[in-house]
Amino acid sequence: MNGSSFGNYFKITTFGESHGAALGVIADGVPAGIPLSTEYIQTFLDRRKPGQNIYSTPRKESDLVEILSGVFEGKTTGTSVALLIRNESQRSADYSEIASYYRPGHADFTFDAKYGFRDYRGGGRSSGRETAARVAAGAVACALLDELGIKVCAYAKSIHNHICFDTKDYLAEHYSIEELVSMRDKSPLNMPDAEASARSEEFLNRMRKDLNSVGGTIECVLHGLPAGLGDPVFEKFDARLAHAMLSIGAVKGFEIGSGFGAALLTGTEQNDPFYTDEDGTVKKRTNRAGGVLGGMTDGSDVLFRVAVKPTPSVNAPQETVKKDGSSYTARVTGRHDPIIVSRAVVVVECMAALTAADALLGNLGSKLDHLKKIYTPEL
Amino acid sequence: MNGSSFGNYFKITTFGESHGAALGVIADGVPAGIPLSTEYIQTFLDRRKPGQNIYSTPRKESDLVEILSGVFEGKTTGTSVALLIRNESQRSADYSEIASYYRPGHADFTFDAKYGFRDYRGGGRSSGRETAARVAAGAVACALLDELGIKVCAYAKSIHNHICFDTKDYLAEHYSIEELVSMRDKSPLNMPDAEASARSEEFLNRMRKDLNSVGGTIECVLHGLPAGLGDPVFEKFDARLAHAMLSIGAVKGFEIGSGFGAALLTGTEQNDPFYTDEDGTVKKRTNRAGGVLGGMTDGSDVLFRVAVKPTPSVNAPQETVKKDGSSYTARVTGRHDPIIVSRAVVVVECMAALTAADALLGNLGSKLDHLKKIYTPEL
Amino acid sequence: MNGSSFGNYFKITTFGESHGAALGVIADGVPAGIPLSTEYIQTFLDRRKPGQNIYSTPRKESDLVEILSGVFEGKTTGTSVALLIRNESQRSADYSEIASYYRPGHADFTFDAKYGFRDYRGGGRSSGRETAARVAAGAVACALLDELGIKVCAYAKSIHNHICFDTKDYLAEHYSIEELVSMRDKSPLNMPDAEASARSEEFLNRMRKDLNSVGGTIECVLHGLPAGLGDPVFEKFDARLAHAMLSIGAVKGFEIGSGFGAALLTGTEQNDPFYTDEDGTVKKRTNRAGGVLGGMTDGSDVLFRVAVKPTPSVNAPQETVKKDGSSYTARVTGRHDPIIVSRAVVVVECMAALTAADALLGNLGSKLDHLKKIYTPEL
Amino acid sequence: MNGSSFGNYFKITTFGESHGAALGVIADGVPAGIPLSTEYIQTFLDRRKPGQNIYSTPRKESDLVEILSGVFEGKTTGTSVALLIRNESQRSADYSEIASYYRPGHADFTFDAKYGFRDYRGGGRSSGRETAARVAAGAVACALLDELGIKVCAYAKSIHNHICFDTKDYLAEHYSIEELVSMRDKSPLNMPDAEASARSEEFLNRMRKDLNSVGGTIECVLHGLPAGLGDPVFEKFDARLAHAMLSIGAVKGFEIGSGFGAALLTGTEQNDPFYTDEDGTVKKRTNRAGGVLGGMTDGSDVLFRVAVKPTPSVNAPQETVKKDGSSYTARVTGRHDPIIVSRAVVVVECMAALTAADALLGNLGSKLDHLKKIYTPEL
């Protein structure tokens, strides 16, 4: 099964294992003429890079990106853009122990079940390191969104039971995207609420001493999307977003707008009233829909949340089995994050950007008028 | 954008508007040799059919299915299976009012934004009626799962704050699929808990008097799936499931296993310990993963939940605007369900079956051994 | 394998067997706002319809099309367009003989090899009747091309060794599309050369007496395509055309521009010189490229040819085997065309139109400028 | 448009320009457990490598391949296989002249038309150098075919009017694949006929002096394919092959079996009689079908031919225009092959192998029996 691609129009295909030679991605269907540089992409990778503080794995990777194709004289050419990130930290560890048993919460068992054997070096293809390729690709998507005035911002909404700022109706309506980014970037945990971030740090320090890890949630806002993106049936914008998010290793849930809260609302509470603003634009008074109606963007902010499970690699002893079926007590050692949430923030942002870029391209053919604008401008 | 298809291998493509001539589906990639009859498919459609009790729309549709192709002498032939459901209830209503304004919570506005105009007769392509085609297709998927001993069961887990049986760790571990089906089928609301169902009915009767509607959640179990379905990166089994679920009109959230609850757990709490049972099979002591590890099924039950918003069509007055931008107070009349949850149960089941059928086909090529078994059996 | 779809953007999915209930197609990704009616589609189907003269099968089918979805108030809505053609001529023949042996030149043997059994009634899914669905879909594509001023015309270029008008450099350069259509429509064999058509008719009458059939070639011109359609690598415009053409049952070869003749040319003979015309438009002095350079249309006519094999159903005795392996002498009786070429002309035209419509949509995202024109028109 | 991918199941995605940093490919959907090494892949690349004799460009490229992912302990892991080939010969030439005008027979004009600008260094993405990535990918496909006992062999069938050995009914029926390979590898032009090869060499030497180039044809045989590959409608095995072949830069035509010759045959001449051999296997007396009936392989050799145009880069003066529309006389200098045919032989072979690998995977789900063999072996 060829499951390393995402997107129907702006399509990315990734490769790479945590301890192989390199990771990378081909982004195909990228429109020509978008300004793109290694420096721009590197700023995204640097946000994901390990070892930035005590809350992330001390594994040393500079994650330098090289553009191999598809960019000429500073702009995308319209042909496939290939990006390469060499692995540096391939230390010749002794993997014989990890190769012999199934780590709980990991994909060791399912890899063996599917493929008959596995690359047991540090998670192989199912390592969180795989997301570096997504982030590189997401940067290309963001370069396109930039040109169209569209902004994306994700942040840690909660770490365990420490939750960011009060929200009403599940919305981040009190802050602009610029404010959220600024607040988030002050926190080592990507939490745009100083007080909640401080409490979370304290809690995480305790967890690290207990050799344990914790989960949390990430919230993301897409601002400036035109109305009409997404398709009414199977390729709904939110269905694609859910797909994108659940494809991230540790994500266990997705909700848009009021989300699971909608299960506790009545119709009159859930429905967002329409009104016309002073410029004559149709707007909604609230955004319980999360910016998507009938699977298509409605012009307001797209707002969604994902649930992130705790890092499965914990030092505490855990019951498991070896490949031969005998029982075994595992203590996963090595360089692991005590929490996935904070480093996953840029991954969520990039997958959202890729979903948006894909939908923007997919929507170009929605009506004959669009084709006439491109092909028969004089008529 | 061609968004009316779902599935990469077992691929369905649907068509049809709520008040057009017909709805239907082509299921392509269906293996040859599966027993299939109109009677079998009809049992699925009958579960979705409107007008079965006071909690569903009184619109009269017998939803009779016709097999147009792909079945010969009672078995699928391997070529595309086309299924047709004629619309009966196309009464020549006066749609001039509904055509003129945007119903809150509906796709009227976004359809106009995307396509320039819309089929305003009762929701057109974005009507819940569209799901009849999914259910017909899902029946074909279930016919395949039957042959492989795989079972699917969805049920209403909650209606507003009335929640079914107590669950531990978000799992339905105390009941077998057969028990769940039996309990569910006794409830007019598809709620496998007599007491919760009774309370929900009472609550719904009140809501109907208030001209309002309510939301809820649906839980679904897939039992008997082999380990290894799904792909490690973008086509994770749970990512496909999330896509499938969010593609259903009223669904606002998806979670698998511990789901959003995982955000409040530690690593040692979330990880499911492995053990070997008396038959030598590797199993998990708990199922907080929800049957999927690293995007691939692990052989245990796949268990997930979706959040369903309240029916957006409510009789209560709502603020909105007309196409010309002038303000308008809408009271949506007509034949509407006071709750979507109960009728959506079979839709969730069918989309889950389609996801599983697709993954079963997609996994056939996972290893060389499979190809040798098929192509060089003598070696 | 789901092989009943064609197109990446303007995507069609067909169904139907020669003796099943119906044939049909879903066209998905059709832009909203294209005028479309049953009458328009019917004109295409009528050109393919059997029984129009003595050179086509006397099987009686009126091939009436019904639009089931995707059209509202005379225009496409942007959602999936479903078209239905009921089979009328399902006479309850005795198929026991044909079911028992493999007809030479037919797919009986390969169907059994692939699927384990087959719908043996008149060819099932591999019958030429399958092309009715393609023609219906092609009409939708032509409705789009019409709006953009693009024209398609195919015709019988040769029947056996009777060849239409002299061509230089393998091009139909002496006639306009309008002239070709007018000349073609005067011939019962769709041959735009009265003299060659008369000779072919005489030859065919002889063949019919001999209980035999003959092959020929079809040539097709696409006029008015903008430059830049198609992609530089695997989705070259001519690669997609070749795919489209070889997907037609009896087609055994495809060539574009000078085609196989290019194998006998030198570089200076094959290369088309560029010049600038009086309007400042870059043009080519010749068209040995056939309108495609590097896989992308160059703004000149796209011109290609296909080879069509003789009808495999012949009355003359042929050596073959039964399913049990015993030898058998087949004489295929029934209602068959003595030549496929003439009725396939409209099929070639429709597959070319579908390829062009798909490429027009696929090219919308080729450059950032296109996206800015659609999404940020004010900038 | 994302046109850098080929294959539905065994899917490759390529990148790279002739004068960029590197070329490469991701092969996704490759079954786990296939032996694969850089040495194996290198043997394929060495066959395509420039500078092997006076009939190919003197450009110096060692075309060394690096496996970046998807292979562990000498076997494919089932996840995406990435292959990298660094460009060495990126000499800092002065491209200002070539950037200013449109080379006849090249994609310069169409690139500008599609994307607004182009990478003018030596052809960029439309350079023949792009095929190195196809060959690397094709080697992976061949590694799979090897395991299943399937062989592919292509060779130069004609160079200008110098044609290899006499064939009857357009078939290479007198030689085994091993003989063809052995005869071919003795010729610097990949022509398996010593006499024709000698005449072609003499002819080419003359052409090089005339600063001109020539075309020819390539024939290819696929041996050992199981019956039933390909799909009856749009994904016919030969339609996929035609797509694959026309996607190669210089290919202008494709024919299978009797091909264009079928246009001159009668039904009784074209149809291949079936018989049962001594082992009870159903076989065909002739192979005018070219190994494909109704779009599905019939178990006999698949045999097809492609037409290859002359190298468009010729030193002889040619009429053309500059970007500003002014007329210009071009003399394309630089390192060019006087003939494409010979170096394209391995490209044809690789694209055929990729098509076959894809069809083998696509056919796994053709019948329920296959699924039962994999998923319920005990039943």
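For clarity, chains are labelled A, B, C and D in written order, and residue numbers in each chain start from 1.
In this section, a residue touches a chain if its C-beta (ideal position, glycine included) is under 8 Å from a C-beta of that chain, and two chains touch if they have at least 3 such contacts.
This is a predicted model, so every value here is computed, not measured.
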item	value
Selected interface, B-D versus A-D, where C-beta contact pairs are more numerous	A-D
Per Cα centroids, the chain farthest from subunit A	C
CA centroid of subunit C to CA centroid of subunit D, Å	25
Subunit B-subunit D separation of Cα centroids, rounded to whole Å	44
Whole-Å gap between the CA centroids of subunit A and subunit D	38
Two or more partner chains touched - positions in subunit A	1-5, 9-10, 14, 29, 32-33, 78-80, 114-116, 125, 226, 232-233, 365-367, 369
Contact set on subunit D toward subunit A in their complex	1-5, 7, 9-11, 13-17, 20-24, 26, 28-29, 32-33, 66-70, 72, 75, 77-82, 84, 114-119, 124-125
Partner subunit B, residues of subunit D touching it in the complex	9-10, 29, 31-34, 78-80, 144, 147-149, 226, 232-233, 360-361, 364-376
Subunit B residues touching subunit A - in the complex, by the definition given at the top	1-6, 8, 14, 102, 104-107, 109-111, 113-116, 125-126, 130, 158, 160-161, 207, 210, 212-217, 226-236, 238-247, 249, 252-276, 280, 282, 285, 289-290, 293-299, 307-314, 316, 318-321, 325-327, 362-363, 365-367, 369
